[in-house]
Every structure is written in structure tokens, then in C-alpha cells.
């Protein structure tokens, strides 16, 4: 079918060495770069700037933990059912990093890119986008939060850190411009949520939209390991099971 | 069944804030700690030392990438089949972080703990362990490597970094003692492999054995996202499929 | 958030009995219905007709096996990596039952429903659909096959079995009408593939479009268990790994 | 590494046909065999007897549904988080078919095999096994149930169906013999649970112990698709999430 001989630029190894993106893992990387630097290097093939590392760290720290989310509940239940396979419990939880909660990151990033590329300028396109979504009564990706009202506290912090650490700020400014127009179009304030803010910050460091969701996956994998450790010491899974089973009434006949 | 009201010490949130392990995510963590520091803090509830952070970084960097491993192949195939769900591709690859390749980390860690707790001392117990495995002709977890011969290059580097960064070195020393006795019992040199070295280094920073495999899961999740980005730009999945299909002969009748 | 007390009509149990959709599992179902009948009953809450059972059996038999597909390769690799958790190997393979190969079933079903609901009649709408896809140069879901040319052999068989077993044939006829118009619009013959045929046959038995992909998931889960049994007796995973690793050239520097 | 050229006896295909285990899928199988017959044929390479089909049907029907189990809860939460990928929701739920609930099937099957192979006879070995587990205070796989007391209603039904449908009954008789000895050793009645009964029934049809857990995986995959359909029409996921989040108290500081 595809006859072309396939290639990879990521990694190769032999008896004596492992090379990642042209660097010697043992000589050049272990003990010299942080995990976050290594991620950016493996992903892009270029040594990251200090700004890129700090911004990615901020994003990973932001996304890692939000308590008993659906992903954390899933991981705890699967760990209880299959403790022989810790990797299964993490994988099951990660399957929840889908379109409902995290997919809006990609949607928001697409809007930012649309504004930045618009011949008529960011401001004019922001007006257009806000009106378009309002008229179609569609949810605007990156805006609104069910709990954090009126404002998601993570958003201003992420922007502050990004600018402090040397981001140019073009993506952030575009999203803030959109936010002003959104408030006008809706006639009330919608918060930029953390997912929206992260789309802007990842845009600042050139993270490809295709793998933005992957950053959430990496961060959550760490959070879920923490939930497994707690579950192993202080179990909740049986309580969750029985509470859910007892709380959902059977309406079939008996 | 379990009537006790369940608790968590990891995270809580309200309209205005998110608290992780007693710290305010926005005020105290975002922009102030690296992802690796955040992991250790969420996992243990205590602010990590610089040594702990450096050693965990070294371990995460070591485990992240080893080229076209079974996990990377799986992630690439699933991404091609279900590009709508990047998280599925990562989760599928992580399901390969199982007993065959990474499970030996826990086994090696258990041997180190056994030596350190032995009333007769590390050396005497190391002799015993080496003889026990040799007599039972069992594979010794943490020793031997199919490709990296005579020595896994990652092992001495990990030990060097650990000691340079302030590890006490008890776990490392115990594993090195065992290595000497293993070579005697086998009558030839077996390398301490990276998985074994990591068991010792994670022991140095007090990582609970129950979640050591989780560290590999976190690290690999980052590596797999890199493979997805490359796959999206330079596909290999169809070549893999057809090469495998063509290479495995059908022996049933037609 | 959602205050309404949730309900289920599927199943309840107590010390002495398990009820599924109002039937007593032990008294009314075990030993009296086939697995396929049970599926339809659990899914719909109504005892299936003989026609429904026969058609669903035909679909499940059709989808179960197609050799060393990406899903089967994935299952074999994960089984080798984590033999302690057979369920992981099946789950990993099922993650490949995504939009690329099976998602076209839903797309084809939507086209059939569109034709059947069209005020201007099936034939007129079929002309329109064929032209629409042709002009937009979009792949038509349910049509074409990379290997099975000029015709997918499963398609006529599925239609024959469906009609023999008492299907009314409305969905099948609509798809056949579309096929004629597609050949005209493309100026050459495109086969109705098995996925398209299955969309029509599942339409005949009233299977909701929302879970059509689920039928493929169920069927493939059985196929994948067969691959695990063979892998446990006659391994291929290490050969797959090394063949892929050796066949993909590293283009980074060393 | 492994130089031997790998083979498969399961399936091959070309432009015009698909062969499974030497049979032509289109000519010999679709419309002629049930899903359960197809499973046995693909798994073993031999056309199953009527007894084998009936017993496997009984087992699959038994295992398919038990209400809001951890697997069903997980599937519903993941479906809500990633509705774009129904396969993920099923896969996540299946990851719960692990050692805790279903793994006992393999353990019970091993005990039955041990009794049947014992030179001193089934009865004598049953006495021994019961005493061994009792002395070591270990849970006996296949015995006891948290809800179904004093007896699991599925067990006598499965045995009755098996014998009615022509099973020889050796495995069932061995398990019943063990049950008598268990009651003596424990000084009270322990039920043979469904998992134990299924181990015996699958033994009657020659199902390899290595894939017994796979039978549960197949059956549950069907049950989980039913839960997805209900969830799409009558959601419970948000209620589950908020009930769990509200019910687990945060004990860290704020």
C-alpha cells in the first residue's frame, strides 16, 4: 500500500548508546535536563528556551490535579478491580481526557490562530467570532466554567507567569481581545477558563495544536498516579461503587 | 459494605480556589514549581528536596524514550485508527507498561529492601539472594539486557547523577553489592540494567514501591505524545500494518 | 449540578435474584436464550424476533475476524508486554475500533436514514447525495475497499441472508439505490463495502445509530481473544517488534 | 532476536475471499453459524458441538450484566467525557475485568484441574485443598459471595443447564465434591459462586484456562454497550461525578 520506506527522527539505540534527536541520552541528557525540557526536546528536536520550559511547567502544574474528577474516579475503580496492572488504572482514567473537558483547548487554539491570521486584524475578527457563536447559540471553546465563577482563578495567573517568563504575548492578547468582544456579544461576563488560557500559553511556546490534548494527557497521568497511591493506602473504590449502585433507582420490573 | 466515610488529602476546590495538599494552586504552585516538583508534592504531601527533584528528573528523562518499542508501535497504530481520540492512542501504548518490561523494577526494589532490612547485613543477604535465584534458574529482576551488552550505559550515569545530587547512596550500594555476588554466582558478568538502576535511585528518594511502575507510566506518556506528533506528520502505521500482515504466514487451509 | 435522581432500566439484584429488563436472569434467561438474543434484549428491553437475532448473528460473524489487522497486532504486542492482564490486551486492541475503519458505519447509516426520510423519495435523494459527495471530492462512507475489488464479497451475502431471514429490506434497497447513483456520478464502479452493508442490515433490525460502532466492538473483542490464545501458544510479538524497529530508519543524527 | 518466521492459523484474505480457520467466511459462515459458534470455531479451529455452543451461551448470558458494577460506572463516566470515541468507553470498563472479580475463575479452574489430575482421586484431593486453604486462611477462588447468600442462584442453574445440554459433568462433579469438603473444613456453608460455577462449565467444554478471563471480557463488552445506549438517552455520569466528589471529604488543609 504505502511503499515508501518509513523513517523516524526521534530515537535509535545500539549496544552502547541511545540517541534521542541526535543527542546521546547518557552523555547529554540524563542529569542535565529536567523532564519538562526533555519533553520539549523530544517533541520538537530543538533545545527549548528557558521561557518555553517555564511556560510548559506552568501548564503541566495547572492541569495535573482537580480532585475527584471523572478520570480520578475511573482510575480508582479500575485500580481496585485490577491491582495487578497499575498501568491499566492510569490508562482508563486517561481515556476520559476527551472532547468534553479538554477538547475545548483545541477549539480555543483554532480561534486564536484564526484571529492572528485574519487579514482584517485580530480585533475585527474577534468581533466576528463572538457574533458568529452568539448567533448560532454555540458554546465558545475556552470560555465559561461551571464552578469557577465569575472568574477562573487559574487564567490571570497563567497569563502573568507567561509574560513574566518572557512570552511575546500575541496569543494571550488575542484571547483577551476576544474575551472583551464575547462579554459585549453575550451582554454579561464569561470567564476565560483554564483550558482557554492554556491554549493561549501553549500557542506562545509554539506547541502544535495536534498534540495540545497530549499535554493534558501527560499532566493527568501524573495526577492519576497520585490517586492510585492514596487509593492503595486509604481506599474509596468500594464506597464509590456502593454509593452509585444504591443511588441509581431501577425502573424495570422485577 | 464499607460504611466508613471516605476521605482524600489530595485536592479540593471551590468557586475561587483549588487547593492541592494544603497549598493554593494559583498562589503557591503555578509558576513557582516545576512539573517534577509538583508530582512529588502531590504524591507525598511534602515539599520535595532539591535532591529528590533532580533524581526524579533523571529517572523520568531516562525512561521517556527508547525508539520503536511495542508501546510506541501500539500508539502509532491506534492513532491511525482513531485520530479523533489522541488520548486513546496514549492509553493503548501505556497498557504495554506491564510486568514484562517494567515490572522488574518492583522486583528489584523488593530485593534491595530485603537486603537493607536483613539482620545479617547487606553483603550476607546479597550472597543468599544470588544463590537462591541461580539455583532456581530464575531471571533476576534488574539484571541483564538483550541489547545493551556487556553493560547498560544508563546505569553508571544514573548512579553518578544520584550521588552528585546528594543521594545518601544506601540503595545504590546495596544493588552494587548484589551485582558483585551475582557475577560470582553466575560465573559471568550480568549488567545492572536501567530498570534495576532506577529501582535503586527511586529507593534513594523514598518513592513507594507501589507506584514505581507509575513513574514509568508518566514518563512514557510524554514519549508517546512525541510519537503521535511524528506519526501525524510522517506516518508509519500503514507500513507497519502491511509489513506485519505480509510477514506472518497463514498456515490454515484456504 | 443535575439534581434529578438518576435511574436505570437495565438491571438490579438482591440476595436471591438478578433481574435484567424485568426478566429473572436465572429463571428466564440462562440456558434459554443465546448470547445474541441476550444482547438484543438487554439493549432494547424487548424480546427480539428470530429475524433480529439471525441478522445480528450474521453481522457479528462478519466483523469478528480479518486477520492481522492493526487491532490484532496491538492486542498481541500488549499481551506480550502485560500477560498478567489479558483484559488490557483486548482493551488496547478495541481502542482501534475508531473512526478510520468502523466510523464509516455511522456515516453510511446516516445517509440511509437521510434517504428514507427524504420527502422527495429515496431515488431523488440518492442522486443528490452522490453528486454532493462527488463534487466535494469526499470519501463516501460505506463505499470502496482497498483490498476487496471490484466487490467486497461480504456485501451480497449479508443482503441475501437478511432477506432470507425476513428483513423488510427498506434500508438495503436504499443503499443499493445509492450504489447505482454513485456508480453513475463517479463514472466507475465503487463496491458497497462490508461496513456499509452492515449499516443497512443493522438498520433493518432497528439498531440505534448511536451504538452501531458498539456492535463492532463486541464482535472484535471475541476475535481478539482468539488472537491472544494463539499468541500464548505461537508467539509473534517479538518478531513484530524487531521487524518494525529494524524497518523504520532513524534520520536524526547519532 | 527470534528468527523463526511467524505464522498464524486464524485468518487470511485476498481480493475475493476471507478464510477463517480454513473455512470461507462468506460461503461457509455468514448466515450459517451463530456468533457463539463462530467464537468457538475461531478459538479452537474445530466446529463446535451443540453442547459446547449451548454451554458457552449460558456462560456468556450469565456474565453479561450485573447492573451498576465498577465496569459499568467507568464506561458511563468515560462515555460522558469522550463521546466521540464509544470504543474508549467500552475499553475503559473492560480494564476492570481484572484479578479482583474475574481472576478467581482461573484460580478455581486450576483447583478443578488439580483434583481431576490427582493420583489419589478427586475426593482425597478435595479434602487436602479445603484444609490447605483453611489453614492458610486464604480465600478459596470460586467460593463465597458478598451479596448472594446463602447461595448464588446462578450456580445450580448453570450446572442444571450444563447437564441437560449434554456435558459429561466431570468438572462440575469435582467442584461439588470440593464444596462439600469446604463446608466441613470451614464449619459453615460457603456458596459456590457464579465465577466458580463458570470455571467448571468452561472446563466441561474444554476452554483453555489461559483465555477463560477472555470469555468474561467478551460478555461484558456487550453489557457495557447497553449501558452506553442508556447513558446516551438517560444520563447518570454527572450525577455520579458530583455525588462522589461531594461524598469524599478533603482532609488536607485549605
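The chains carry the letters A, B, C and D, assigned in the order they are written, with residues numbered from 1 in each.
Rule of thumb we're sticking to: a contact is a pair of C-beta atoms (placed from the backbone, for glycine too) under 8 Å apart; a residue touches a chain by one contact, two chains touch by 3 or more.
Since the structure is predicted, the reported quantities are computational estimates derived from the model, not experimental observations.
Hey, which pair has more contacts between C-betas, C-D or A-C?
Looking at C-D and A-C side by side, C-D shows more C-beta contacts.
Taking A-D as the reference interface, identify its repeat among B-D, A-B or B-C, namely the pair sharing over half of the contact pairs by residue number.
When the residue numbers line up for over half the pairs, the pair is B-C.
CA centre of chain A versus CA centre of chain C: separation in Å?
31
Taking the mean of the C-alpha atoms as each chain's centre, how many Å separate chain B from chain C?
For chain B versus chain C, the centre distance works out to 37 Å.
Could you state the distance in Å from the CA-based centre of chain C to that of chain D?
For chain C versus chain D, the centre distance works out to 23 Å.
Which chain A residues sit where two or more other chains touch them?
Where chain A meets two or more other chains at a single residue, that happens at 1, 5-12, 17, 20, 67-68, 82, 84-85, 87-88, 91-92, 95-98, 236, 239-240, 247-248, 250.
Can you name the residues of chain B that touch chain C in the complex?
Listed in rising order, the residues are 67-71, 73-74, 77-78, 80-85, 88-89, 91-92, 95-101, 103, 236-237, 239-241, 243-245, 247-248, 250.
Enumerate the contact residues on chain D facing chain C in the complex.
So the residues of chain D touching chain C come out as 1-2, 4-18, 20, 25-26, 29-31, 33-36, 38-39, 42-43, 54, 56-58, 60-62, 64-68, 85-88, 90-92, 94-98, 102, 147-149, 153-154, 157-158, 160-161, 164-165, 208, 210-211, 213-215, 217-219, 221-223, 225-230, 232, 234-236, 238-240, 242.
Which residues, counting only chain D, touch chain B once they are in their complex?
By the definition above, chain D touches chain B via 1, 5-12, 17, 19-22, 45, 82, 84-85, 87-88, 91, 146, 247-254.
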